[in-house]
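Can you keep this structure in mind? I'll have questions shortly.
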Amino acid sequence: MINDDFTVKMLGRCSVASPLKLSSISGDGVFNYITDEERVLYDNSLSNFLKCKETGEMPISFEKAGPREKLFFEPAKTKVAIVTCGGLCPGLNNVIRSLVMELNYRYKITRVIGIQYGYEGLISKYNHSFIDLTPKMVENISLMGGTILGSSRGNQDVPEMVDTLENNNINILFCIGGDGTLRGANDLSNEIAARGLKISVIGIPKTIDNDIGYIEKSFGFETAFSIARDIIRDAHNEAVGAYNGIALIKLMGRDSGFIAANATLSMQEVNYVIIPEMDFELHGGRGFLKELRKRLEERRHALIVVAEGAGQHLFESGDVTKDASGNVKHKDIGLFLKDKIAEEFEHKKFPYSLKYIDPSYIIRSAAANANDSKFCSLLAQNAVHGAMAGKTGCVVGYWNHAFTYLPIPIAVKERKKINLESELWWNVLETTGQPVTMKT
Amino acid sequence: MINDDFTVKMLGRCSVASPLKLSSISGDGVFNYITDEERVLYDNSLSNFLKCKETGEMPISFEKAGPREKLFFEPAKTKVAIVTCGGLCPGLNNVIRSLVMELNYRYKITRVIGIQYGYEGLISKYNHSFIDLTPKMVENISLMGGTILGSSRGNQDVPEMVDTLENNNINILFCIGGDGTLRGANDLSNEIAARGLKISVIGIPKTIDNDIGYIEKSFGFETAFSIARDIIRDAHNEAVGAYNGIALIKLMGRDSGFIAANATLSMQEVNYVIIPEMDFELHGGRGFLKELRKRLEERRHALIVVAEGAGQHLFESGDVTKDASGNVKHKDIGLFLKDKIAEEFEHKKFPYSLKYIDPSYIIRSAAANANDSKFCSLLAQNAVHGAMAGKTGCVVGYWNHAFTYLPIPIAVKERKKINLESELWWNVLETTGQPVTMKT
Amino acid sequence: MINDDFTVKMLGRCSVASPLKLSSISGDGVFNYITDEERVLYDNSLSNFLKCKETGEMPISFEKAGPREKLFFEPAKTKVAIVTCGGLCPGLNNVIRSLVMELNYRYKITRVIGIQYGYEGLISKYNHSFIDLTPKMVENISLMGGTILGSSRGNQDVPEMVDTLENNNINILFCIGGDGTLRGANDLSNEIAARGLKISVIGIPKTIDNDIGYIEKSFGFETAFSIARDIIRDAHNEAVGAYNGIALIKLMGRDSGFIAANATLSMQEVNYVIIPEMDFELHGGRGFLKELRKRLEERRHALIVVAEGAGQHLFESGDVTKDASGNVKHKDIGLFLKDKIAEEFEHKKFPYSLKYIDPSYIIRSAAANANDSKFCSLLAQNAVHGAMAGKTGCVVGYWNHAFTYLPIPIAVKERKKINLESELWWNVLETTGQPVTMKT
Amino acid sequence: MINDDFTVKMLGRCSVASPLKLSSISGDGVFNYITDEERVLYDNSLSNFLKCKETGEMPISFEKAGPREKLFFEPAKTKVAIVTCGGLCPGLNNVIRSLVMELNYRYKITRVIGIQYGYEGLISKYNHSFIDLTPKMVENISLMGGTILGSSRGNQDVPEMVDTLENNNINILFCIGGDGTLRGANDLSNEIAARGLKISVIGIPKTIDNDIGYIEKSFGFETAFSIARDIIRDAHNEAVGAYNGIALIKLMGRDSGFIAANATLSMQEVNYVIIPEMDFELHGGRGFLKELRKRLEERRHALIVVAEGAGQHLFESGDVTKDASGNVKHKDIGLFLKDKIAEEFEHKKFPYSLKYIDPSYIIRSAAANANDSKFCSLLAQNAVHGAMAGKTGCVVGYWNHAFTYLPIPIAVKERKKINLESELWWNVLETTGQPVTMKT
């Protein structure tokens, strides 16, 4: 009685024997195939167990990812395409590399093509060619950031994209991208189903902000906050190096403050973390500017981390604009705060020195660190297992240390955010010592 | 009906109000105190849920760590000691720093002392003095590896150690160390109980090998395999840089191959991973040396990672020797393999070039990376919460993304090892392409 | 017959025996004291030798730095002050550390104070206190960027500063800073001389841009272009990751392009380097924008490095403004170029994607790399040798692998710039492949 | 009247116009060709100038490297080979990359082959194939350590190697290697001359130890001591982390202690530096072991750096053995010292804890840092300029900030060593505080 929303779609019955030499019994020293029935609990508290037991309710759970005994696609006849969309994120090349390696060496699929510059590569007018992806070609790419396929923002015409897949005899499409990309992937899979085609569309969620629902962590996120940590460490030198020195660092985080919060917890010199989930005032007795001045008077320096999507309520309302990916285009809170601090302190003739740091592209373009590299590899391998078993319209997720398959609509339903009542945010407050609220 | 083995001991009733300003209700925007009843499931599979529901069995679960509303110790009267034991591990200074910071700034405890050179520091004949630990003193130590307290191996006389604690009016002792240290901590807590004293002894598990039971990950482990990854990346250059070039890297892993396995998964150039959990032969038709030669003949280079405790069955039996910590002293498989390869290939006049790399102390002495730094901080804070609430004879663990309290006897019952039938090991086999078994 | 301009001023006759146990004869295995007569040639070409020989002209040469046999100051009675001025630069803490260590351990001078926040610290109205600098306090600071003394821009009232030195019985003042700071140091030494005081003022040139005359390299410069190299490496990923992708990196270089040029030579993916020494046009048939578009049409990506002081001729003329240090405040060429590219390509409906990266404070606040650390140490030690020997109004320089003493007026006479006809610039042109000129 | 020893051999008259578009006049904004007459002084002291002027002696000078106006080889007819010999050294791939790039893009030479596994690749019995080297193939190799060509130790039959060059119509051979390799290159150039062939043989000196005469620095050396610096920084944690803790680090340095000395100067925690140039005793009243114990008793920890070739006088004499490159095979002083310390302290029942670290291959296999990358590039470009101008039997050197051409016999005449009376060694003594001598 699994909740329908959490049930992954299949292209059809699986009848092809997997070329992987795994087992179905325990104790023979060989890893077992994962069955479609293996599932991972969403809520792993004892109290939820007791509640469900009492009410008879079925707890929410996710399908466990992994190699299936029977495949939908016959390896010898399968052709695969890979596309990367949206902004750069550490680990893209690792994912591409591992998809190619897993397809080639484990499933013996040699026809793998790369689609260039995101979904544009599936639209003829852009005239981007395909790239043949071989193990030789991808061997060393994981040491470099970026994506060898190029990327672009925004969705494209769904029927034409499906035409392209069809005309090129693509059987499996891996879409690596954020929630816009995943919505596009879902549209593709619906159009494919409507046409009665048998093409698997698998999403590999890429969000440097780590803000996709029901997914514990996304690739590149740890690398992102790790690099941010080093930048914060040094920015602290700028703050203490001047009288009333302020270092203001804008980090990524369009709708959520996960990078800001985690970077802060890994380098505990930050005095203020300002995130999109948080309401605050600039002016007034308990406002941020008053608070900042008080700190400077006491300690003579301050280190501020602000997530790019924070403080949108401070801007004059107006028409909402969106970028090519459909993301609401946020006003730049970093430069805004810089100006407001200057305005306030110059007006009050309060001496200060502010250094503004925006490391966004430095972080996005970096290579994945060790833990992310491992994660990307396993994520990609599980994407291949799912695709070969005929799953479609789903993403590969990660929950409580297990890889999962999750229908795209569930994954993109709403962005994951920091709960201000959670342990994570409390830890940030404890670490920074900043007031619980900065408004009257 | 929680299984007794998993129930944490308490010094007594908690009646002191916590100085932390938290909440007990949801929805007020303030983090809630954690109650002793909140627990985390050990097995988070749906099938275990269904089984337990059917059989009425209570699933195994761990007490959730976190700040309690009522404390056992009155902050103003509390004196705390910290000791670090065993070999270096990245993150020791981070743990020390966060203990001091949390005690000082959150619980307003200013009397914190550091015991020097491990348990030796509690024994008078060694004559090591105590160190007063202040926020100022520990402020920057997390940027450095090692431990500012110094360390030593081995346990010491338990009654005398308790005498020292008693004579110095210590109320809480944090023991940071491996399973030998934790066993010692348990002995201390038993002796304390036998004397009717009220001293909390809290273990903070330190194992660079990540081999403590019921604990998902230990601090320093990620840093360790991350540094190993970089070393493997470059060692690959040594292997391909010579005709029949072999790079042989010995990594840590006394009884388990977690570092070797994870480093391999994060840098996929390794051809053979040899771990303690694995049986293998050197000679014979399917033995390692034959296999290695075959690879060299085909590819002209090979990259081998061996965990320090692997292949003990290959040594002549004899009296088992132990180090000061009580760990069985393993023979050095790294140099042994190096010699055996030389012996074999020189005998057969097979030209080769072998480079041997033992980065052990380079890894152990490094500073924690960003993710480990965050982890150490939260681990230490939860150790403080537990101690203040009068818990004793327990360690702070981590399971399914939650910090836990775990009785020491459970944690040290048996060392965590890689199951050769698990997904982790299968991933290693897939990545390296090494044979499932290397014995006849 | 040494040219007067290159002769270093002395406070008086040196009659105190140095506490360093060095030698005056060769062959005894002990390093020899350096005499004031040892000098290093400015021009080390054979042709200059031949020319001078023929004409009888004395070649330009610099006094060699190093320990002198006789000192001007008696260590036991000497009190020393250190001040850091201007923007951050990697290595400041290394210099401070080595000054303190050399004074303490070699010359047995224990009274060393740090002046806070630059020259402000010598002016009473700012009310910044002095810091006692001990070996213990500075032991680990070289692992961190920034300056533990704090800094500020701008000169202060010279007579009052001399009053402060006099009132505090300071015998030696080390001024670490750029050319503004050094000019200030020269003014101090003149005022001191006018008052008949015996205070040595020694400048330690700090210019991340490496633009001080007659000095081969300044500390922090290598660290700066090394970090820039890594940022360029990753920025390349942003450029190739988009169709007509442009990565535009603004590096330091107010009046000279040394950082931009050296970073480019160490990471050869850059396509255009734009520096202050260079004249160029934006528009027109051979202008930069046309050139850029041509490249994008051919290669679909471009990587541009621009030094912050480049292209000032492109801005509307107006009143020149200066910062507190007296540096001409340059308009921001980085954002200007970004806007101009956008303007041009949007107007022409040429699709492109531009990522702008300004790593300035990330670089300035970093710790010194290994080679700079060594350099800072030796630089500081030579500053101490010079001061103890009564030299004043001079800086410690470096030329043809030897440390030198150089009168301040010579060092600040004009800023070192890249000669567009030099091998360095030619190497940049060869590496980037950019046109020799980008103007009609 | 240039000293013959310093005069570079030429294959013949140069009559081909260079395809580089340089200038011969100053002031036109274009870099000038370098003439064969431009030379760099060896001794750049003023006193040497005065002495030579007085005696009429011609000072020693080196031919300046750089692009010549007339070439010996016609680009369209030129075929080039590259070989790498000996142990790994950071920067090998950078040199290969820049040779290929310079030949292709500047001199329009497309026929460039790589010889595999050192000189073996020129001998038929080894059966190593040639590799075509294209810009595409070498584009990213500078980000990786090692050599894509592979390497081997030892010289091979000179006539057969020349046969191979001749049979394959090679016009230019670049030999990248240490002094053994360079001697081999000289033999090749002599044999070529004897046969009346016109093949240029250019050596690019590779010595991680930086021990080649008349050459200021060799590529990879800075990277080597920079990595060593980080290892020393962390090894210090091992030393202070134990009671009477000793960290013993063996660094490279077969006959000279440059790496040990420079690493020490860049990370000033080292207490003893032991190098090949230095005589010392283990036992006796002023011997190293007594000295070490004294320090431990006072400070409770010690950090020792030993160069691999140090202390050879301590070993029992016996037959000298050599490695394939002809280097005297040194006994392992690192493990020897470790054993002797253990022997002494265990005998005397002096408690201690020793950690032994040998990072040799970790350092050798690393990628070049930024400064070395730049250096490798310019070094390779100057090698190409020299070869195209028909120079042969020479190496590309570096002196007083200029690239030079130097006859091989001069370069390999004797290994550069640390003069114990020099400033460098004095700086080491000052930094470590170790006794000037450790013998009675």
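Per-chain residue numbering starts at 1, and chain names A, B, C and D are given in the order in which the chains are listed.
Please note the rule applied: contacts are C-beta pairs under 8 Å (C-beta built on N, C-alpha and C of every residue); 3 or more make two chains touch, one makes a residue touch a chain.
Nothing here was measured: the structure is a model prediction, and the numbers come from that model.
Student: Count the touching C-beta pairs: is B-C or C-D ahead?
Tutor: Spelling it out, more C-beta pairs touch across C-D than across the other pair.
Student: Tell me, please, which chain's centre (mean of its C-alpha atoms) is farthest from the centre of chain B?
Tutor: C
Student: For chain A and chain C, let me know how many angstrom lie between their CA-based centres, rounded off.
Tutor: The separation of the two C-alpha centroids amounts to 42 Å.
Student: Using the average of all C-alpha atoms in each chain as its centre, how far is it in Å between chain B and chain C?
Tutor: The separation of the two C-alpha centroids amounts to 46 Å.
Student: Per the centroid of Cα atoms for each chain, what is the distance between chain C and chain D, given in Å?
Tutor: 29
Student: Spell out, as numbers or ranges, the residues of chain B touching 2 or more other chains.
Tutor: Correct list: 143-144.
Student: Going by the contact rule at the top, pick out the chain B residues touching chain C in the complex.
Tutor: 140, 143-144
Student: Please give the residue numbers of chain A that touch chain C in the complex, ascending.
Tutor: Touching chain C from chain A are residues 88, 117, 120, 126, 128, 144-147, 150-152, 231, 234-238, 240-243, 245, 247, 353, 355-359, 361-362, 364-367.
Student: Which part of chain D faces chain C closely enough to touch in the complex?
Tutor: 22-23, 26-32, 37-41, 44-47, 49, 52-53, 59, 61, 64, 66, 101, 105-106, 142-143, 216, 222, 225-226, 229-230, 233, 262-263, 265-268, 369-371, 373-374, 377-378, 381, 400-402, 420-423, 425-427, 430-431, 433, 436-437
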